[in-house]
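The same subunit A turns up in both complexes below, where it pairs with subunit B and then with subunit C.
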Partner chain A sequence: MSGDRSKMLFISPGLIVLVAIILFPLLFTIRVSFSDWDVARPGLDWIGATNYLRLAHDARFWESFGRLALMAVGSVLLQYLLGFGLALLVWREVRARRFFRVLFLIPMMTTPVIMAVIWRTMFHESLGPVNDLVRLLGFAPLPWLSQSGLAMTSIIIVEVWQWTPFMFLMLLAGLMSLPREPFLAAAIDGAGPVRTFLRVTFPMMAPISIGAIIIRLIEASKILDSVYVITSGGPGTATETSSYYIFIRGLRDFQVGYAAALSFTYLVIMAISLTIIAKVLARVMLVRDHAA
Partner chain B sequence: MNALYRILKYAAILLWSAFVIAPFLWALTTSFKTANGITGGPTYIPWLQYRPSLQGWRDLFHSGGGGIQIAGPYLSSLIVTISASLVSLVLGTLAAYGLSRFTYRAGFVRNADITFFFISQRIMPPVVLAIPFFLMLQFLHLLDTKIGLIIVYIALLMPIAVWVMVDFFNTVPRELDQSAMLDGCSPFETFWRVVLPNSKPGLVVAGLFCLIFGWNDFFFAFTLTFTQTQLLPVAIVSLNSSVTPWWSLSAAALVSVAPLIAVAFVLERYLSRGSLAGTIK
Partner chain C sequence: MKSIKYALLAIMAAFALGGPPASAQDFKKYGIDKDVPGLCSYDSISKKDYKGRTLSVITHAVPVMGEPTDLHAKQFEELTGATVNVVHVPFGDLFQRIMIPFQTGQNAYDVMFYGSLWSGDFHDYLAPVPQKYLDTAGMKDVTPTYRKVATWGDTMVQYTVDGDRNYLKYRTDVFDNPVYQKKFKEKTGHELTVPKTWEEYDRVANFFNDWDWAGDGKPHFGSAEVTKRDDLMFSAFIDRAAAYAKNPNVKGGFFFDLKTMEPLINTPGFVKGLEMFVKAKRYFPPGGDNFGLGDEIFSFGGGQTLMSYTWDDSFVQAMEPTSKIRFKVGSAPLPGSHEVWNRITKKWDYFAKPNDPAYVTWGWTSAVAKASKNKDMAFDFLCFFSNEANADHDLQIGRFGINPYRNAHFTANFWASKMGWGKTVGTQYVNTLLSIDRSRNHVFDLRVPGVNQFMSSMATGVSEAMAGQKTPQQALDDVAKEWKQIVARIGVDKVRAAYANVVKLEDNE
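Right, the complex of A and B next:
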């Protein structure tokens, strides 16, 4: 009665607002994807699955998934390894560790597009400091933003700079909440640091590792801002991710119907692949736990 | 062996620190250059390598000719981010408390499903929402306004608040609620007078996360506003063209990321006290 009413009072405002803002656009997108809405003829006509047939043959769309996978998996893997390493480094017994912790957190607080603009000046072929460093190390300057492999590398470097702190934060919080007893037991058994890490630290960190990797993969699968600023998808389409391609079709060419079909397909593919990745990760990392 | 390990350890820490600081130092030194200081190739040390100038910093306050007139966008960004964060925090905290303390069921839907519905909104790629948002705000005559952006940001930030607060409320002992109920408090009074005052760490972390994600958004501000309303990231990125004024760009970038660097210090304090481990799982 009154208990039931008050529990609805807690949840309904947030739920209603979210449903109103998100669910309507999503349903609308699905409807629009079956229409021929574009600049010339805006409106909800019905053209059946034409847009979906078109995207099935759109090589540019499917190639963008390959690039997205490379960019997301590559950068998240690097972020995880580096973030874990850094968290272990400042976990204990380091001078000025609070200073370094703050310093390591800073990049993730800064606005990605704004830092991407700065990074773009740093990667400038003749006027930027990155090639200055390359020259200092005795190599020829590299065309960072105008050669496809290097443009991809540049974006991954910026992503690693920006988001390794997130991994670091999650993993450090995890390390700091670990119980002490297993470490004492390992020390009594005479296990060295490497053995302790493999048998004790890593298995206990597996659940939080999985969580952190999944969250980052979800965020990385949406990558668009930094691509827009650093390379604009170029050279050619060498760094064009799925989000960026949909952005071009929908908000540049204003092919609203087709972009909606692309969006919905992208969303479904992302949901399926992220679920599979989550399952596989959980199996691989937690099996080690049982073995130990 | 041990000494070598220590040296390697500090070398690694310092190397990463250098990588983290590099863009900030580059932006700082570039902000004092003029066109001459930039076209000569990369230089780093003022007076020795180039003649420093305050042009970049002066350009923050006027428009035209590389100027950016930063005060307006700065204020807009503050208003939009803070309003959206506050609304998200209030709605998200209420919902999170409900999800943590009561049992909801509607058909096959349970608490876990509702929580997942909230949090799963973070999976939605911005580009999927951009066109419907555009048409929706156009229909409501809210395109290119702060209110329109605030509405959109609430949808983006509330999932974060729910995520952090559900986890947080689950760590607050239920005995607290029960004793308050026994004293005759209604559910809402229990929440307002007893639980909320004990939830400061969770509220701070949730609020800061909302502020960070709101302040740092570019895409929605970029697609849903044009001339009347301009947020900071859009203003700065619009400087990025074929002839980019690197000096004012750098100064503007530093000014706009500064407030969030302060946030890093606050977050670290919570991390050191160990209260973040309970908040982030």
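Right, the complex of A and C next:
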């Protein structure tokens, strides 16, 4: 008994902090979502589910999820492929691998908003160096930020540049922790590098891959700074993600109650989606692992 | 000998106790030419003793408004002994950083600098400007237009520190070039003159698009316009639409019919403005579809485009001493239209002289919080900030964001000599600003509660049309639908009462 009590005593400070910084804001947001708090009506009145009924018919909110899915999945997939490739490159004994390991991490250490400003300048269609490079390669300059598809591509490029190092770091750590024996066995069996990768490396990396992908998907689903700085959700609404739309409704339009309902709905959808994605990935990648 | 000794001792004692007596000459160290006597002068403010008191100020990020706030805050501290804490906030966050403390009853800031279009939301929380400041020579010299902007109902609740408007800027070296005049006439059948209508603007911009008319080996383009969705594009749209939608013969509302509060945003005048805006894309420079205000400033101000229309910034940029197009730029009122929609007769009215409403676009303003416990110090700070000497100084620094608002600022000599603009540019600039200020056909911003919602909705709709996602009519129909929902949510009587103030200004009542 006293053992239980002293356990509680030790964990209670942490629990209190957890409740304060996670639970309270969440519960308060839910409460605000049932109010009509906006620029003209401050305070916590009660309007029932009005905000939730409104968002059910808010086509712009649901369309933003589609764009978010495309941006998040597209950028995370590219980050995974690039990150894995870079990790494999510096995993073995290569010259200056310590230098490359640090070099590949630099983008992740920069401030996202500042980098978004720099990228916006680079993608500037009149003055930016990206179109200068495109011209040098013999192509016509591209409307990076003023054409819908290319604007989305530009955001994805920025996200991939910024966050591939995270994947690289996670996957390199995973590679370095792999046991050597399966590789020795594969070598003895005469497996070449491709077969070794497909039958040994990739399956063994499945758990860490799933973890890295899920963590990055959670972060990618919150994308805001790049959109805010580079395109403001445009052209039109072509790059408007859920987070940016919630930002507009909450902080620009000052529809605090409605934005709270949007935020909570977004949270629920993301929690369900990511749980499903994690289960699917586990089923696909870990089954392959067992099969291998 | 003894009397000289005593005199010397007395002088030394005076220095020891209070320093040398203040004189107008001393204040030049603050960068001003001359202290102008009055309640707000350096001399008057230096006599205030605010030692031990703290003033909290919120303002925009450096440099626009942020830098002059810092400068005058430090000066105020030195002169009065007060401590002035200045908080800088990017524009996108400024509204909520001011509004949240108001709504939650926190007395966070004594003084606020913000966009005057938010007065519809803020006015209930602001302290009226006391009569003694209204009676100052500096305040009396504020033009009627900008006094009205600072007023809510019959009460001045904002302290004027800036005067903004949008106008046309163009390259005089191109318009005055006889070779280009001949080519333009041959190609279009029209004389090359400064556009008086948007159709003329379209013709000229299209002709001068994508070729080297500047003789520097690079292609140049017709027009730089603010098109980035949430970067003040709503003002660019109003610039274009007002010519077709603001009928000087029709009273009672421009954005809404004041009687019914029906949105007018999707009426043919606004639709025509948007159609012309979409058509203009063909003479934007590369990336011109996504230009924020900063891009426009550097595009026109850097010599890339022939024309532009926004605030003063790109004009001032073009006239910087290091600018390669200094003295090659001119200013004029915004283009207008011969045809203007009449929402009463539901027909287009024809105007032989183009209808060119003057858009008094939102500018920076300042105010003191009603809940402030330092109102005396706060108003002294604002009157000092905008005293004649400081205003003259700040006008000369383009990045400060302070533009003419007093009659004294509308003298050609000030711009010709102090800014080094010369008589021609200075006179034309002043005449352009005066014509806007004195126009009887004004458009003001929609200064009602929830203005950000209305403008955000409008910007999104315009942006969707610009991106080809919707036709102009569809886009504005959707905006009108959303505006009705916004009015219903905020309360039709509340919005109408606020909008009545704007209509009063526009109808010259």
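Note that the second predicted complex is superposed on the first by the 282 of 292 C-alpha atoms of A that agree within 3 Å, B and C clash if a C-alpha of one lies under 4 Å from a C-alpha of the other, contacts with A are read in each partner's own complex, and residues count from 1 in each chain.
Throughout what follows, a residue touches a chain if its C-beta (ideal position, glycine included) is under 8 Å from a C-beta of that chain, and two chains touch if they have at least 3 such contacts.
Just so it is clear, the model here is predicted, and its values are computed rather than measured.
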Subunit B versus subunit C as contact partner of A:D38, first or second or both or neither: second
Partner chain(s) touched by A:L105 [first = subunit B, second = subunit C, both, neither]: first
Touched partner set for A:S126, first subunit B, second subunit C, both or neither: both
Subunit B versus subunit C as contact partner of A:M167, first or second or both or neither: neither
Partner chain(s) touched by A:V227 [first = subunit B, second = subunit C, both, neither]: neither
Greater residue coverage of subunit A in the superposed arrangement, subunit B or subunit C: B
Touching partner for A:A186 - first (subunit B), second (subunit C), both, neither: neither
First (subunit B), second (subunit C), both or neither touched by A:I156: neither
Which superposed partner A:L251 touches (first subunit B, second subunit C, both, neither): both
Contacts of A:V200 with subunit B and subunit C, given as first, second, both or neither: neither
Doubly contacted residues of subunit A, that is, touched by subunit B and again by subunit C: 126-128, 131, 251
Parts of subunit C lying in touch with subunit A, wherever the complex brings them together: 92-93, 95-96, 99, 103-104, 121, 228-231, 285-290, 295, 299, 304, 449-450, 452-453, 456, 460, 463-470, 489-491, 494
Sites on subunit B touched by subunit A in the complex: 9, 12-13, 16-17, 19-23, 26-27, 30, 38-39, 41-42, 44, 91-92, 94-95, 97-99, 101-102, 104, 114, 117-118, 121-136, 151-152, 154-155, 158-159, 162, 186-188, 191, 212, 215-216, 218-219, 223, 232-233, 236-237, 239-240, 244, 246, 249-250, 253, 256-257, 260-261, 263-265, 267-268, 271-272, 274, 276-278, 280-281
Subunit B partner contacts - residues on subunit A that touch it in the complex: 2-3, 6-7, 9-11, 13-15, 17-18, 21-22, 24-26, 28-29, 32, 82, 85-86, 89-90, 94, 98, 100-115, 117-122, 126-129, 131-132, 161, 169-170, 172-174, 176-177, 208, 211, 218-219, 221-222, 224-225, 229, 243-244, 246-247, 250-251, 256, 259-260, 263-264, 266-267, 270-271, 274
Residue numbers on subunit A that touch subunit C, as the complex places them: 36, 38-40, 42-43, 124-128, 131, 141, 143-146, 148, 151, 228, 231-238, 248, 251-255
